[in-house]
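Here come two complexes built around chain A, the first alongside chain B, the second alongside chain C.
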Partner chain A sequence: MDMFWGLLMSAILLGCTYTLVAVGFSLFFGVMDVVVFCCGDIAIFGSFAIMGAYVAMKSAGLFDSLPFVVCVALLLVIGAVFCAALGLVTYRFSIKPFQNSSELMPLLSTIAMGTIIKEILGLLFKPAVNTVSTALGGESALSVVSGRNPQGFPALLMPNGTVTERNITIIVITILILALLFLFLNRTKMGLSMQAISQNKELSLMTGINVSRIIIITFLIGGIMLAISGFLLGSYQKLMSFDDGAMYGAKGFSAAVVGGLRNTWGAVAGGMLLAFVEVFVSGYIPRGTSYASIVAFVVVVIFIVFKPEGIIGEKTAEKV
Partner chain B sequence: MNDAGPNVLEIGGLDTSYGRIPMLRGVTLDVPSGHVCCVLGANGAGKTTLVKAILNMVKADAGSMKLDGKSMDAWPTHKRVEAGIALSAAAVGTFHKMTVEANLKMGAYYINDDSLLRERLEEIYISFPVLRERLQQKSGTLSGGERTMLAIARSVINKPKLLILDEPSLGLAPIMVETVFEIIRRLCAQQMSILLVEQNAQKALSIATTGYVLQKGAIVFAGSTDELRESEFAENPVM
Partner chain C sequence: MALLETKGVSIQFGGLWAVKDVDFLIDAKEIVGLIGPNGSGKTTFLNIISGVYRATHGAVTLQGEDISALRAYSIFKKGIARTYQSSRLCWDLSVADNILTGLYSKQMNGFWDVILRPRRVDSEIYDSLQECMDILSYFNPGLFKRRYELAKNIPHIDRRRIEICRALVGQPAVLLLDEPTAGLNGEETMQMMKDIHKIREINKDICIIIIEHDMKVMESVPERIVVFNAGQKIAEGIYNEIVRDKDVISAYLGGAAI
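Moving on, here comes the complex of A and B:
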């Protein structure tokens, strides 16, 4: 039974990390009708921005002069600013120029953007400058090493707490972010405009919504969300590699598809489903770890075939 | 209702194109304040393009447009809506996942005063009793006639300077067409300036004071509805 609870905890945790990336996908798809494939890379960019800023602040002695919480908040702000800016760059250079061309163009150009982000991170963060691995503490985090140039993510969440405490904090932060997003989408004019654009772009124009401005705001907000997801991802797996983005992008995108691309809550459900499948397959099936991702993607395919409108997608086809 | 001038909207020499194919060619059109002006034309004559060009949803290649005497050529779509042009086109659909009430509130995008919004909503419910019964229903589940009602209600909630109705009778049963025109008649009695774009010539002529006929992207007739009724264009309603 202990094993079950342990697995449940890790499934929810992993689900949290997938969920925020998936929500990013569905936000962007909603307003632009375009799959922004570099969401995963933007999230990883966020965690590397935080790591870089951490090193800089540590060497500048800010952690000694300022309270720890202020420093962490500052790091989060820095990550959010970087990712919001990157969101804008993505929109400006790999989506906007292709607005009137085939839908495949922005798809390809955002994949290209993802590669650029990834390689820039790879160049900037060589293993040699990994000065933060000491911040890991005594835990054996090395078991999750993947990809090249792994970097240790500083312990910023509950640095003196137990693993369980940290994990619960990650879950609570995710729930908080999702609740804020829900309030934003349903209670503010801007959020409602985003929903309106996602449902009917032409009518949104006729309603007087400044569509291009809302699109820019969406990319800012999406960028900030991805920065937070990068932060949580780093705090969860403690070792980050610059090319993790592709995998998180694929998982986030799958989760969003399973949830029904336009549906933000579907993205949450999809992320959780994917994580549960993965974690429980690796937990209960002997040597299942190697198959976990395969089974997860099979589940995605099953959903695409049998429930293409998404987990909680209503059949929204308008009456004609 | 409008004292700014005799015409709420003046369009001069409007050209648009779809890619390299010209759509509208030199369209000149005035909508008199407080009256209904109708534009008749067959499918593909460019009616919807004209309507979208007025809101800058289709870019004009040449020509000028004035709202209440002020040039609005440089204004983007949202600014034109804010300035008081409301377009109602049932063919564009609704925000289908939102309730009818939410759709109406989205229509009142530029009304920021809560009490004014409530007041306007009340007025809408009185004029469109069908919608009151459907307030909490997702608009995607409305019938065609109800959707047309919603489209009109959505645009009149702002009390626009100029209301553009794009084919309000399109795809409706005769009895619904009657109801819709009853509503337009009522708006017209309130001295609202209306640009009515229709294929149903008889219906349109029955409430308009001036009329235009659009053929292959060009205006081929302009004049009062009496003149239009006597012209060759009234013979063939679809032209």
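Moving on, here comes the complex of A and C:
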């Protein structure tokens, strides 16, 4: 029974990480009708930005002079600013230019953007540990490779607490963010305008909504949310690799599709479903860890075949 | 000074002038009909006025103010509302909610009000809803009874009515109706004509520009008719003059018919 509770906890935890990336997907898809494939990479960019800022703040002695909580808050703000800016860059350079062309164009261009983000992270991060490579001769070539090694994410969340305490904090923060997002989407004028745009862009324009402004705000908010996911991913995984974004992107996108792409709550349901399948398969099936991802994606395929509209999405029939 | 005026308005798509050098004016309390063969530029002209397209040349002024460079959402805020040829509704929202979207730009509460003053936000929404329901119950009591049903379950003519109410609720100075009777049968068309007359009972100063193919509607609804052909204004006048105009007959039936 203890094992069950342990697995349940890990499943919820993993579900939280998938959910936050999936919500990013559904937020962008809802407003722009575009699959922004680099959501995972933006989140990972956020965690790397936090890591970089951590090193800088540590060497500047800020952690000694300021209270720890303030420093963590500052790091989060820095991550959010970086990701929001990256969200805007993604919109400006890989979505807006293709607005009037085929729907496949932004799909490809955001994959390209994801690759660029990933490679920049791989190139920029040269941790101090890898100066060992100088002993082998060519420092520059090897240190480029070294940036592609996993990086340790600083313990920022409950550094003195137990693992369980940290995990519960991650879950609580996720719930808090989703609640804030719910309030924002359903109660504020701006959130409602986002929903209006996702239903009917022309109508929105004709009821006085500044559509281009709302799209930009969506990318800002999406970026901030992905930065927080990056922070939680880092705290959960402890080791971050520059190319983790591809995996989280694939899982987050699958979760969003399984849940119903346009529906934010579907993304939560999809993320949890995927995580539960993975964790329980690894836990209960002998040597299941190797199959966990396979089973999860088989579930995705089954959903696409039998319930293409998603868990929460509604069936739509188009009149011809 | 006319309420709404266009001077030399033209728009070019590639090599085609969809609308060319159109001078047009309309005063408060007036209803003007736009007719013309398919592709003559009527809808494009409404799209220029409402800001969906920006004119290549020429100017559109509303109460003396040049609005040609404004975007669609700010033109709506200035007081020009419209409906489309095909319904533009949020299908998963109720009739009441769809009409409520027309008051979006009049609602003042922001993000912090939602968190700090939820009651104030609620009362604003309640007041707006009341305003919408007042208009709907006057405009069509039958549809008022179905106000909580989803828009997707509402018949075609009532969808048209929802769109008109949504446009009216913000109390615009100008209302643009793009083929309000498209897809309606004879009896429904008669009902819609009555409804259009009702618009003026709700808003006495409103001026209406209506595009329509049905000549019965054109005979009884507008006070003045403007005829378009190949992007240009070819005639203007009351119904009886227009139907006898040689250019108009030739535009509709082809030059050989004269």
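Definition applied: the second predicted complex is superposed on the first by the 293 of 320 C-alpha atoms of A that agree within 3 Å, B and C clash if a C-alpha of one lies under 4 Å from a C-alpha of the other, contacts with A are read in each partner's own complex, and residues count from 1 in each chain.
Note that contacts are C-beta pairs under 8 Å (C-beta built on N, C-alpha and C of every residue); 3 or more make two chains touch, one makes a residue touch a chain.
The structure displayed is predicted, hence computed values, not measured ones.
*Asks:* Have a look at chain B and chain C on chain A after the superposition and call it: clash or fit.
*Replies:* Here the two partners, once superposed via chain A, clash with each other.
*Asks:* Examine A:Ser59 and indicate which partner it touches, taking first as chain B and second as chain C; both and neither are also allowed.
*Replies:* neither
*Asks:* Is A:Asn210 contacted by the first partner chain B, the second partner chain C, both or neither?
*Replies:* So A:Asn210 meets both chain B and chain C here.
*Asks:* Pick one for A:Met190: touches chain B only (first), chain C only (second), both, or neither.
*Replies:* Only chain C; A:Met190 stays clear of chain B.
*Asks:* Would you check which partner chain A:Glu202 touches, where first means chain B only, second means chain C only, and both and neither mean what they say?
*Replies:* In the superposition, A:Glu202 contacts both chain B and chain C.
*Asks:* Can you give me the overlap between the chain B contact set and the chain C contact set on chain A?
*Replies:* Looking at chain A, the two contact sets intersect at 189, 192, 196, 199-200, 202-203, 205-211, 314.
*Asks:* Which positions of chain C touch chain A when the two form their complex?
*Replies:* Interface residues on chain C, with respect to chain A: 50, 52, 71-74, 76-77, 81-82, 84, 88-93, 101-102, 104-105, 107, 109-111, 114-115, 118, 121, 166, 170.
*Asks:* Along chain A, where are the residues that touch chain C in the complex?
*Replies:* Interface residues on the chain A side: 183-184, 187-190, 192-193, 196, 199-200, 202-203, 205-211, 314.
*Asks:* Can you tell me which positions in chain A touch chain B when the two form their complex?
*Replies:* Those in contact with chain B are residues 189, 192, 195-196, 199-200, 202-203, 205-211, 314, 316-319.
*Asks:* Tell me, which parts of chain B touch chain A in their complex?
*Replies:* Chain B residues touching chain A: 55, 57, 76-78, 81-82, 87, 89, 92-98, 102, 106-107, 109-110, 140-144, 154-155.
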